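Below, subunit A partners subunit B and then partners subunit C, in two separate complexes.
Up next is the complex of A and B:
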C-alpha cells in the first residue's frame, strides 16, 4: 500500500526532470520551485512539463477513481466510465465542435480564432458528457436499479457511438477534419497547461472528499443491493451520488485529455488484486495509481518513444493489457480476486 | 417486549399478479414463526415486504406500532435483520468483515469499529461455531459455514426481529438441524422474534412456535405446529401425497409430527402411522 502511495510523488518529480528535450537535476528543480535563478528557457521547459504532469495526474486519478466507484456500485469488474456512455457523450460533443470549427459549409463562421479549438472542443466534450450524466441521473431518480442504470448507460453509449460514426461518415472526405476527430479519440496530453488541470481538479477534490461518506456503503453493496438496503444503505441516494461523481470525473477528464482507454477499467481491477476490495483503501489507491500510471506512461512516451508520437491511451493498452491479462489468468487459477 | 404486526398486506408483482394477498399476522417476543408454502406461494415477497425491501400495494407492516415503510433505513436496520436466500458472498471478503457489515446501522459515518463491537462480532461467530475462523476468506468456507457466517451477521445486527428467507435450502440435513437449533436458541434466550420462510416442514415441526401456510399469497393455515401440521393444513404444500407420523424431537424436547412426501397410493384416504417400536420413549 505504501509502495503504491509513494509512486505518485516519485513519478511526478521524474516527469519534471526528464522529457523530450533536456534532463534536469534535482538542484535545478529546487531552483525552479523555490528560487528564480533558472535561465528563462529552462523555466519555460519546466513550465510546460509542469502543466502536462499536472493534467496527467488529475486525468489519471479522475479516470481510475471513476472506474473504481462504478465497479463497486455495479459489482462488476467490467464497469468503467465508458460503459455509462459518458465518454461517448464527450466524444460526440467534441466531434460536433470539431466539425463546426473545422469549417464545414455554413458553420465555418465559428472559425474566428486559432486558439478557440483549445477551449471550445473540451467545452463541447464536457457538455456532451454532462448531457449523458443528466440523462443517467433522471433515470436514476426514477428508481432504476443498478443493472438498469448500467444497461441505460450501454444504450446511451451505443447511441452516442452511432452519432459519432455518423458525423465521421459525413466528414470522411475532409481528411484534415477526419484526422482531427480520430486524433481526439486517441486522447492526448500535448499542449496542456496547468489551466487544463483545474476543471478536472475540482470534481476530483469533491470525489476524494466524498470517499469517507461512500466507502462503507460501497463495501455493503458488494454483498448485494438488497442486503445493502436491509443493512440501512440508502440505495437510491448512493446510486445517484456515485453516478454523478463518476460521470463528472470522467466528463472532465475526457474533455481535457480525450479518450484515454485502459485506466478507468484496468487500474481499479489491478489495485483490487493488490489491496483487496475494501473501498476505504481501494478508492484512494486507485486514484493514486491512475495518476502515477498516466504520469509514467506519458514520461516514457516523451523520453524513450519521443519520435514515434504514440498517444498515452495506445501505449497503456499495448503495455498494460498483457500484464493485466497475465495477472488475471494467474489469479483465476487460484481463488479469483473479485 | 417487541410486537410485530402485518395488517392486510398486499404485494403486487406487475399489473396482473398478486404475490401477497391480504396477509394478517401478529407476533410477539419469543416467537419463531415458519412461513411454509409451495414454490410461488408468496413467501419471499412477504418476507421482503416485512423487511421494508418491497413496497406494499396496500396494508402495513408495523414494529412496536411504527410503520416499517416510514422508518429511516438505518433505524429500520437496527430493528429488522433480513437474511436473503442463497449463499452468494464476495469471495475475498474475510469472515470477520462479512459479520462486521452488520454493525453499519449502529455506527456513525466516521465512527470506527469499537472494541465492544468487535467483541460482539466474535461472540456472534462463537455462537454459530465459527470461533477462530474470522480471518478466513469466504471462498475458503463450505456451504454450511457460509450459511453460519450469514447467520452470525444476522445475530450481530442485534435486532429484535430477524427475517430469514430459505436459510437451510442449500444445506445437508445435519447442517439444517444445526442452523434450526441456533435459531431456536437465539429466539428463546434473547426474547426476539424470528420469521423463517421455508419448504422444510419437518424443520418447522421441530423448532417453530408458530406456523403460517401460504397458498397463492393467502394464509390458508396458521397456528401452533400441532394445529397446522395436519393433512388439511399441509394440502397446499404436498397435495395428497404425504405421510404424517409422530416422533420425539430433541430440538422441541417433546413429541412432534413429522411429514414424508410420499405417494403411497392412498390418495389421502388413510393416515399412515409409524410402528410403535419407531417411537422414542
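Up next is the complex of A and C:
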C-alpha cells in the first residue's frame, strides 16, 4: 500500500524533470518552485510540463476512482465509465460541438475568439456526459436494479456510439474536421494547462470526500443486493450517489483529456488484486494508482517514445493489457479475486 | 529571427519565399519530419541542415527557442495557444480552398515577417504569385488543344471506395488553374468525398487524375468503369501525390505540371513547357 502511495509523488516529480526537450535537475526544479530563479525558457518548459502533469494526475485519478466505484456498485469487474455510456455521451457532445464550430482551433468559424472552441468543445463533452448521467439517474430513480442500470448504460453507450459514427460519416469529406474529431476521440494530454486540471479536481475532491460515507455500503453490496438491503444498505440512494459521482468524474476527465481507455476498467481490478476488495482502501488507492499510471505512461511517451506519435490511451492498452492479463491468469489459478 | 516551419505547407511556403536561403536574413531552426514525405520543395541537405521534430507540441517547438512558428490553422489549438502564452508569435495558414486563400496566407506571412529582413522577399512574392497566376490564365485562354475540353476526375482510393476532390478542395483549385473541368464538382462533391460509381457512369469522365500506377490498377479492377470514356481511351494522368495536394503556392506548379501531362497524353511525343 505504501509503495502504491509513494509512486504518485515520485512519478509527478519525474514528469517535471524529464520530457521531450531538456532534462532538469532537482536543484533547478527547486529554483522553479520556490525562487523563480530560472531562465525564461526553462521556466516556460516547466510550466508546460506542470500543466500536463497536473491534468494527467487528475484525469488518471478520476477515471480509476470512477471505475472502482462502478465495479463495486455493480459487483462486476467489467463495469467502467465507458460501459455506462458516459464517455460515449461525452464523445457525442464533443463531436457535435466540433461539427458546429467547424473544428477545434483557429480554423473554426469562431475566428473572432480563437480560444472559444477550446472552452466550448470540453463544455459540450461535459454536457453530453451529463445528459447520459441524467438518463441513468432517472432510470435509477424508477427503481431499476443494478443489473438493469448496467444494461441501460450499455444501451445508451451503443446509441451514442452510433450517433458519433453518423456524425463522423457526415463530415468525412471535410479532412480538417474529420481529423479534429478523430484526434479528440484518441484522447490526449497535449499542451493542457493547470486551468484544465481544475474542472476535474473539483468532482475528484468531492468523490474523495465521499469515500468515508460510501465504502462500507459498497463492501456490503459485494454480498448481493438482498443481503446488503437486509443489512441496512439504502440501495436506491447508494446507486444514485455512485452513478452520479462516477459519472461526474468520468465526464470531467473525458471533457478535458478525451477518451483515455483502460484506466477506468483495469486500474481498479489491478488494485483489487493487490490490496483486496475493501472499498475503504480500494477506492483511494485506485485513485492514486490511476494518477500514477497515467503520469508514468505519459512520461514514457514523452521521453522514450519522443519520436513516435502515440496517444496515452493506446500506449496504456499496449503496455498494461498484457501485464493485466498475466496477473488475471496467475490469480485465476489460485482463487477468484472478486 | 528564428522560425519554426511546423507543417509541410509551412515548409513549402518557406521554400517558395526563399526563406531557407542563407541570405534570407532569418533562420529556419526546425521543420517537421513529415515534411520529408509531404513537402514539395526541400532545400539541399535538408535533413542535415534543419533539425526535425515528430510532434506538434508546445514543449518540442519551444525547445527550438523560436520567435515565429508557422503552422496550419487546423493544428492543435491548445499547442498554438500555449506557444502564444509563452510569448512566441504563431502564424497560422489556412487550408487552400481557392486562390484567395493563397493571398490570405501570404498576407499573414507578410504581417508576421514585416519586422524581419525577409519582409522584402515576401513583398516581392505577392507580385510573383499574381504573375504566375496571370501566366496560367493566359495559357488557358489561348488553349485550343483537344485536351482543354476534357473533363477530369481527380481520384484516389479511400477505404475500398473511389474518392475524389470537389468544390472547396486544393485539387479543385489545381484543376481550375490548369483550365480543365473537374468532374467531381459536376457530381456535386464538396471537399474530399466518395464517388458513387452509378453517378460516375451517368456523367462520364474523359481523363482520370491519379497519383501513381497503383491508383490506375485500382481503377482497372472495377469492371463497372469499363464503359467510362477515360477507361476506354486509357487516359490517366499521373501527378505526384504531394503536388496534387499542394496546400501552398506549389498548386501553381502542380497546375503547370498537369497541363504538361495532359498535353503529353493527348499528343504523345510532344512536351509542353
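Heads up, the rule we're going with is that the second predicted complex is superposed on the first by the 328 of 338 C-alpha atoms of A that agree within 3 Å, B and C clash if a C-alpha of one lies under 4 Å from a C-alpha of the other, contacts with A are read in each partner's own complex, and residues count from 1 in each chain.
The definition used in the following text is that contacts are C-beta pairs under 8 Å (C-beta built on N, C-alpha and C of every residue); 3 or more make two chains touch, one makes a residue touch a chain.
Please read these numbers as outputs of a predicted model, since none were measured by experiment.
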Superposed partners subunit B and subunit C on subunit A - clash or fit: fit
Apex subunit A: angle to the C-alpha centres of subunit B and subunit C, given in degrees as a multiple of 10: 150
Partner, of subunit C and subunit B, that touches more residues belonging to subunit A: C
Subunit B versus subunit C as contact partner of A:45, first or second or both or neither: second
Which of subunit B and subunit C A:174 touches, first, second, both or neither: second
Touching partner for A:190 - first (subunit B), second (subunit C), both, neither: second
Touched partner set for A:25, first subunit B, second subunit C, both or neither: neither
Which superposed partner A:226 touches (first subunit B, second subunit C, both, neither): first
Partner chain in contact with A:277 - subunit B first, subunit C second, else both or neither: first
Partner chain(s) touched by A:35 [first = subunit B, second = subunit C, both, neither]: neither
Superposed arrangement (fit on chain A Cα atoms) - minimum subunit B/subunit C Cα distance in Å: 44
Intersection of subunit A interface sets (partners subunit B, subunit C): none
Interfacial residue positions of subunit A with respect to subunit B in the complex: 212-213, 216, 219-220, 222-224, 226-227, 229-234, 276-278, 335-338
Touching residues (chain side subunit A, partner subunit C) in the complex: 19-22, 41, 44-45, 47-49, 103-107, 114-115, 117-118, 172-176, 179-180, 183, 190-193, 302, 306-309
Touching residues (chain side subunit C, partner subunit A) in the complex: 33, 54-55, 57-60, 62-63, 65, 73-82, 85-87, 92, 94-95, 166, 189-194
Residue numbers on subunit B that touch subunit A, as the complex places them: 48, 51, 53, 73-78, 80-82, 84, 88-93, 97-98, 101-102, 104-105, 107, 109-110, 137, 139-140, 157
